[in-house]
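The chains carry the letters A, B, C and D, assigned in the order they are written, with residues numbered from 1 in each.
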């Protein structure tokens, strides 16, 4: 066990002296207690000092820090790492690199990502169908982006996503809805390939989440899910 | 089972021989100066507070239960939501706990950057506290000055971490990203900007006769009582006990820097105020010593694995956040999820010392005391 | 030009009742509209000034630089649901806002905007004003009590104790000016300052009186650092916690009208009201100053005092309730008494500048 | 550094008459005590060894061993040392002694454990629920806790 790191560097061999005595301290500044008349003089001067500072801010209009948001939309500079929206990277042909490996789904702390596979009868291999992302429960922790082995997820700074309806915050990030890529590869003709690809909008209406649509609603009010895992006491092994 | 009603009814004053009647009044859960949903039931006699019954749980989210359901990597983002003003320090505490469980040493670069960022966060947290303190004493202007200066640090954080409040930046094994190229430059600019501002804080607010009168000799508590009542951090240091884990059990890069620990002499609201002001100066000093020589190295020492499995055992790690000791206790059974996760949060433990500070004072004193303890309610209720 | 009150006296004697009723109605309309204009302008000014003290911009959206913001707010308050708590005393709860507004309205009616623009030129104008300002407390007390809320009651009790205490030193500082000018009529007090304002003309006495007046008037209007009754961070909102909609707007309105009134009284007593700035024998300078009409002078001086009050509010924290009382009884009241004594010596001896 | 721990262990063992049992599977120095020895051990730790701060108190539920493990994390500002005390108590009738007479903060830390794990402390001055409502049924941090509001992860 790694006990050393918890023990202090300046721990004592001499146990009688308190460990606190070795901490370099600095006493908190205290203004002296004044008598009646000095207090009046000091009080008046201290109040005047404060008023001087606020007056300086009043007359100096350059100190105003307010940003007027909708008006300054054009000049708004966002840091490039701002996390406000999850996107799936698509190339110019409308493809993406997602292999539907479900790692992002597993790493998401609050089940905001749901990966739905699809397969065509001609191809045995599974592909990404819906990539369901629930903005309403996402905490923008960036774990899915870090976990993605193919770097096909990205957080962007597009932060204006408010709606009047919570169900509109459920997105399908997969814009590619053409034939499965395996089938597509069999088509030799470029013309046929282009017509087989159809990019869809990132939002395609709420995606049904099998009853677990809105958090906080007791189960009896929701349609029952047949294969729901039942909660069981966890068998822990006492180390 | 004993209920809150029983607790109150046994306090109901009897009518024999008393001329004034004590009464109960609810301060909170919606009250401007409890800063969230803390509820205090005050037993008052006129304006004098005679007894306090804190009622917690209005923002209890069951984070410890939740933590048992998610993996170790996901614990970090849960701690953002405890004490959101020290989110990064909480991130660090949990990451360090997991690193220790895995017996993982992180490199100097990570340690130094973590220390700088933690000290920036300490300043940021104290700036907000200063503003809110002004507002609680009735001066609204400091509130906005505090927020204005906090924004500078928030922007530095936003550049490096991509988030402003709940960063989830420190990960087990390192940091999510490397620091932004502007990081050092921005911090140097901030230090240059903030030193005169700190002086201005003192002119505008600390020296003010009304502030002096409101804070001095109000809510006095001695160090041993404060420690027994669980207080740590600035609240305890204001009573004169220099308990600071940065000095006593150095972690990160704290053993490499020189700084002093501000302690109070009386243990009143004024000392709690002044200790935090002086801590901001000390934090600036620490950052100045570290900012020029950040060592080179990778920002992540651990290969990314979705599942982290520490060896079975009990682990406890603690760190000094802006409000006191933040401890992470967890039991691992060798699985990828903790068997039991428990957070020792500073605010939950700091709260109870008001039971010794406030009785006998006025409502206005109670407000000043609450503000001088600097409570964050989500951290209390978890 | 005859003053309006001289006119009413004539009306009364000639039994011209129709004219009398017309006068009453006109006066009421004028005062009411003055009150709303004052409140609208002051709320906007306060928000803008506060914003710039705090490095903000303040209202910017409604109208040019947010000029119509207060109108929009007033409309919103008019349309809001008017809630009365179930356990409140309904009659008193409804009565309280009107009492405070009435006090403000009555005080406005005696303010001289210029020699002629005075609704009612009373002989005892100052006495009337101080009497009315004492009556304004009643609305706050009743409102706090009728809400049946402990925080409101605490706020009302604080307001009662505070306003009654500070009334004393306020009256003392007014009295010293009365002693100096020898009249209770506001226009005569202003006329007595033709040679110079009382704030500097009576050596230090006028200035001390002014300081006492400014402090106690800030307390009278329940503004920071003396906003015990509202005490945002302590009592949530004090006596008007339970009020909403138009009833709350009445409290809000009367707060700003009261601010205007106390500043107006301050400018009348200490800064010469509508009297232009005259300096001794400088004839040409005095003539130049006379070009600016009286009401402008009056509003400028009042505005300066209002700004001072706002400056206090956005700089200082609040006192504690017992410190507030100690400050009044141990500092302001003795000072006021000494000052009154000194002012009578000056008045008897006639030791003014430019006598 | 490890020398410090060894010397501290020596100090510990001198303070107690019986030999101490150490719990190995732990990062901190951990003493394992029986329920009936719990109060006496903590009292000795506080009074003889100057562990003046009860930093943390938590409980761990072990349903398959039918016990609840109580964890006390103590800190001595005097020695700058931390120690963990672990005690197993019966899961069906958990009635350990309260240590709120030693450290005042224990009153509320124990209330938290009572609230979330259903441990009923003896001689506690004010044992009420802390976070949950007074009429809440069950102890949420027990592993077999069920209620209708827990949402299962749907995938």
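The rule is short, and it goes like this: a contact is a pair of C-beta atoms (placed from the backbone, for glycine too) under 8 Å apart; a residue touches a chain by one contact, two chains touch by 3 or more.
Small disclaimer: the values here were computed from a predicted structure and weren't measured.
Traced through touching neighbours, the fewest hops from subunit C to subunit D number 2. The chain with its CA mean position farthest from that of subunit B is C. Rounded to whole angstrom, the centroid-to-centroid distance between subunit A and subunit B, based on C-alpha atoms, equals 23 Å. The geometric centre of subunit A is 35 Å away from that of subunit D, both derived from CA atoms.
A straight line joining the Cα centres of subunit A and subunit C is 53 Å long. Residues of subunit C in contact with two or more other chains: 53-56, 314-316.
Under the contact definition stated at the top, the residues of subunit B that touch 2 or more other chains are 100, 141, 148, 204-205, 208, 210, 241, 243, 248-249, 312-314, 316-317, 331, 339.
Each of the following residues of subunit A touches two or more other chains: 1-2, 6-8, 10, 19-20, 47, 50, 53-54, 65, 234, 236, 238-239. Interface note: chains touch in the pairs A-B, A-C, A-D, B-C, B-D. On the subunit D side of its complex with subunit A, the touching residues are 1-2, 4-5, 7, 11, 24-29, 62-65, 69, 76-82, 143-144, 146, 148-155. Contact residues of subunit A toward subunit B in the complex are 1-2, 5-10, 19-20, 22-31, 33, 39, 42-43, 46-47, 49-50, 53-54, 65, 79, 81-83, 103, 106-107, 109, 139-143, 146-147, 155, 234, 236-239. Against subunit C, the residues of subunit A that register as touching in their complex are 40, 47, 50-51, 53-55, 57-58, 61, 63-66, 68. Within the complex, the subunit B residues that touch subunit D are 1-5, 7, 56-57, 60, 62, 64-65, 69, 100-101, 224-225, 227-230, 232, 241, 243, 248-249, 312-318, 325, 327, 329, 331, 339-340, 342, 344, 348-349, 352, 381-382.
The residues of subunit C lying in touch with subunit A in their complex are 49, 52-57, 60, 311-312, 314-316, 331.
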